[in-house]
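There are two complexes below, and they share chain A, which is joined by chain B in the first and by chain C in the second.
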Partner chain A sequence: MWQQLFMQCLNGLGVAGILVIAAAGLAIIFGVAGVINMAHGQFIMVGAYTAALVDELGGNMFMSIPIAFVVVALLGLIVERGVIQWIYDRPLETLLATWGVGIILEVTMKFIFGTLGRKVDWPDLLDGSIRIFARPPHFPYYRVFHVVLAIVILAVTFYILYRTRFGLKVRTVRRNRSMASCLGIDTAKIDMLIFMYGSGLAGIAGAVIAPIKAATIDMGFSYSVNSYMVIVLGGVGNLLGIPTGSFLIGEAETLLAFRYNTVIGQLLVFIAIVIAIRVFPRGIFGYQERR
Partner chain B sequence: MTINLAGGGSTPRKVRRARLIPIWALILGAFVLSLIGTSPHYIGSDSYVVGLIGKFLCFAIFALSIDLIWGFTGILSLGQAVYFGIGAYMVALSMKLNYTLENATRYGSNIPDFMEWNGLTEVPAFMAPLLSTPVAVALALAIPTLLAFIFGVITFKRHIYGVYCAVITLAEALILERFIVEYQAYTGGFNGITDYSNLRGAPFLWVIIAVTVVCLIGARALTHSRIGTVLKSIRDNDVRAEFMGYNVANYRIFVFCVSAFMAAGAGAMYAAWVGIVSFLDAGPMFSVEGVIWTAVGGRATLIGPFIGTFLVRGLEFVLSSSAWLSWLSEYWQFFMGALFIAVVLWIPDGIVGTIGNWLRKRGTGTLSQIRDDQDRLAHDRQRDWDPAGGTKPGKDPV
Partner chain C sequence: MRKVRRRSFLQGSGAALGGLVLGGGAPFYFARNIAKAQEGDTIKVGILHSLSGTIAIIETSLHNAELLAIEEINAAGGINGKMIEPVIEDPQSLVQVFAEKAKKLILNDKVTAVLGCYTSASRQSVLPVFEEYNGVLLYPTLYEAQECSKNCFYTGAVPNQQLDDFEPWIVANLDRKKCYMIGSNYIYPKETNREWKALLEKSGAENMGEEYAPLGHTEFSTVINNIANSGADYVFSTLVGDSIVAFYKQFKQSGFTAEDVPICTPITTEQETAAMGAENAAGHYTSFNYFQTVDTPENKSFVERYKAKYGANEVTNAVMEAAYFQTYLLAQAIAKSGTEADALIFEGLPGQEFNAPQGPVKIDEKNHHTWLWARIGKAREDGQFDIVWTSKERIRPDPWVDYLYPNKDCDFTNQSVLDRLKKPWSEEKNRSGTMDI
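Up next, the complex of A and B:
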């Protein structure tokens, strides 16, 4: 019993890893530009299909991660320049417009790849599992990989935001947009680059998710809703909000799903989040706006 | 000597209030409604089009409920279908239970087929109240309103709105959808609730029309009252509204409950009219569709949601039914996506709003608009003359 519980905790850590990868892009875009990309789940889906294509052409997942990053970042560039660029000042309507983008992406991908899902193989390196206890629920390598990748992505993002000149500009823009603009920072360009980076992270999430669940047209939505919950719970005040929110949601959902079932788990987590935002209206690591 | 703070001893200027129902709306509305209401008689009570009209009216009330919170108060809820869905499911369950009491299923028991499939032998005790129709209707209206109240108290009291509120309500809808699919012994699961004797035809169509009229008049009364003015000011600048001394959170909660009540009513009628309720009617996709109908018709207008709903759903029906356009219906989803983007980018005011703006700009608006404009001009002129040292009209202050 205790062994199983321990294993579920570890599994929850793996789920949290995926959540971090999926939510990081969204959180960065929301934190800097103040818009939420409703097509984020579909971006993840596009990343997964990119991974499926790479897989069919004989590559493996380690190749598909950078390729998916680039492909989805370019997609993000198109969406940002084509649609979101004009409506940064109307965040609520951005939700609707990007929802439309999501629908168009789904239809297009269905047109290209058909309704059947694509299976993606794991690289041989990640086959197998760590045997912590003698009896079967072992800890598979791919869960370890998710956690490691999540940490790497957070570290890279931290480096970009806090240790480079570009990151300095990004932080300036999010602190005071008009002042940053007065100082000669091209805020529109910062928004665009951040949107590209965030979208690219969605692509990575897709490439990582594709092997555990096949690439399907409607795979993205539940991941994107979970990512929104991570943002709501964790907050976008600083980078710590993403892992905190992901950890809490991932562990809670896994353990509750183990105890009851998936739907009850999600329902209880949702109720817990709604109660939690009574205490932290802008998330645990919320950003207090200075007026 | 007394100092008159009220302004010069003259009686305060009377503010001309808008009529509850403008004459032109009364005539036009009566015409349209009688046209719709008599439609069963000349195209047949069972015809598909009559079914569509009743369905669209329910959808339009749903869109109106979204318009109340989004267009007039500025709360974007992407989970309004939760209230619609709960209302619909309550009524559908009630009708299904009553139907199977009289018509036994294929295997001879008197419980709904989906319960039978899932191994239940009798109606669960917590569903027994639904057997009585008035109780079912009351629950269909009360539960969503209560839910909206709880949700509103939790979020709006803590200044959670805007994007956060939209995202949380979206998650709410997704979870309800999954809940319905998972607990199929009680909800019919993936198949939804079907096969009950729904109320088709002219008498119930008139009920729907009557509710529609009540909702429209109620919405107009609400938005043209003092409360409506406060709601609009909250939409335009909630911080200032708060500084004016209004309890912004309570106004938001109130309008959220009204809207949930309206959506629940629409859902209840929808279930009774259409005769099939599925998890899709409570899901995120349907919620967002309702928002887009409102946006197409025109937010912050009362007739906009109706026009938007009938236009978008009507177009879908025309595309899928006509022979030489049916190839287009395969791309319907694509068209919907493009519509989302196009409405937000190019016609943010919707059809009614854009036409209204255009008329106003042309200066040849409807008579009441011209009168309003003249009133405002006269009022401004008076204010310019009144204070000592004020600028005189006709001269540019250089």
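Up next, the complex of A and C:
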């Protein structure tokens, strides 16, 4: 019993790792540019297919991570320049527009790759599991990898936002957009770069999630939903919101699924989040714009 | 994989939609018994499979298998000298379009019969159309059974043909009696597990746990932990779609081997093993009536001809095989009874036999389902299955298995039922043509 409970806590950590990876891009774009990218899940899907292609061409996941980052960042650039830049100040329209972009991406990918899922392998290095206890289930290496990667992504993002000149400008824009632009910061360019960076993170998410299942056209939706939940719960006031939201949701989901079952676990988590929004309308780490 | 897979996902909503589209307002006086005039020298047969949309991949393969059969029948001289003319419609994977297209095939094209549908949702949306206008549908998918329609002939497996021998085989040959059931959260797995639990009880095996994951769920660490916790020595899986691949992969990564805890399932086919990477499936068991590796001359030549026509990389699976042989069954039935719908339904199709790739199959006279072979396959490293057990004879289809629903079955040979079904439409209270049992 205790062994299972312990494994369950570890599993929750693994799930939280995936959530951080999936939600980071969405949170950063929303936090800075104020756009909720409804196509986020589809960006993840494009990242997954990129990984599948790299896999097919003989590469492994470590190669597909940077490649997926670049490919999806460029996709983000196209979407931002082509659509979003004209409607930043109309949040409702950005919702609709990015939603449409998501549908276009799904249909396009379906045309190119068909509806059959693509298989993506783990690199041999990550094949297998840590034997914590004598008998299975063991803790697979890929879960460790997901947690480590989540920490790396948060650390890199922290460094960019808080230790570089670019990050200083980003934070300035977020605090007070009009004042920042009065001071000569090119806010449009900041938005564009942040959109690219967030999209690229979605690409990485796709590349590392695909190997635990397969690259499929409709995989994006569930990750969109989970990412929104992380943001709603954690808030985008500062970077801590992402890991906090992910950790709470990941552990709650796995422990409740362990205690009851998977369906009830998800149900209870949704209910808990609805209540949490009542208590923290802006998320646990929400912030107030300074005017 | 993604094919929105399988069967009755949307069964409930499908039925609801079908009801909306066709309910009450359908002009029943319009064409209750359309004379199926055969103009010219061809016999028209409708083919109703999605060639676009989410389930296009699998349905296109059914479409291809049926066209292959039609081509062969025509090359061999057609039906009594008349060629079969396929009338192809694409319902675009949309449940409501299935019903529209079915109506068009019956009323406008005046087809003799329709080969079509894949999911239970699409079947349930077209059934009212076939029943109202007295058309004939041949349906190739395995499904959860508990359905009987005068106008529909089911050539895929029903649960008793996949399960009844599987569970005793596991007890006898794998020596495993502690079962953990995991399925997707919708009707097919729940009905299948109801039967499986009854089977477990019959053979004195233990039910160590039962769990359902939402459709499309791909995070199975908790389930795997629960399986370990329960002490089960095998898993019975009715997961569908994306979940299959994720579960097999994560099961292996968590340190479970097929030798320790095999996964036994009536669902995973060659297509899923290819999508997950065959090494993740190797050693696990699937129960099906057909595998590509079935060793009959008919199957060898079927696989050969299919690959010759559609490409060497194509794989065949059980549903395609059913699509293929049901075309032959229909052709033989037309040769026997002519093209008039009631003649086909009451004389031509019931009892019709064919030497299919899986072995000789026969449409049951009473319940319109099909006698099929049962097989158990062990997945290999190359994604194909080693057939480790084959039934001695073909298995009778039983839409309501005796051990759960004693004395419940449908019987279209029962004279009183027939009299009721043949009554003119206006006197028919039960519009659906299905029977109350």
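One rule holds in what follows: the second predicted complex is superposed on the first by the 290 of 291 C-alpha atoms of A that agree within 3 Å, B and C clash if a C-alpha of one lies under 4 Å from a C-alpha of the other, contacts with A are read in each partner's own complex, and residues count from 1 in each chain.
The working rule: contacts are C-beta pairs under 8 Å (C-beta built on N, C-alpha and C of every residue); 3 or more make two chains touch, one makes a residue touch a chain.
Quick caveat, the model's predicted, so the values are computed rather than measured.
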| item | value |
| --- | --- |
| Partner chain in contact with A:R131 - chain B first, chain C second, else both or neither | second |
| Partner chain in contact with A:D218 - chain B first, chain C second, else both or neither | second |
| Partner chain(s) touched by A:N261 [first = chain B, second = chain C, both, neither] | both |
| Partner chain in contact with A:A97 - chain B first, chain C second, else both or neither | first |
| Partner chain(s) touched by A:F270 [first = chain B, second = chain C, both, neither] | first |
| A:G14 touches, of chain B and chain C: first, second, both or neither? | second |
| Where chain A meets both chain C and chain B, residue numbers | 221-222, 261-263, 266 |
| List of chain B residues in touch with chain A within their complex | 70, 74, 76, 78, 151, 154-155, 158-160, 162-164, 166-168, 170-172, 174-175, 178-179, 182-183, 284, 288, 291-292, 295, 331, 333-334, 336-341, 343-345, 348 |
| Partner chain C, residues of chain A touching it in the complex | 1, 4, 7-8, 11, 14-15, 18, 114-119, 121-122, 127-129, 131, 135-143, 211-214, 216-219, 221-222, 254, 257-258, 261-263, 265-266 |
| Residue numbers on chain A that touch chain B, as the complex places them | 30, 34-36, 83, 86-87, 90-97, 99-104, 106-108, 221-222, 225, 228-229, 231-232, 261-263, 266-267, 270, 273-275, 277-278, 281-282 |
| Contacting residues of chain C [partner chain A, same complex] | 1-4, 54-57, 185, 211-214, 216-219, 221-229, 242, 245-246, 249-250, 253-256, 260, 271, 274-277 |
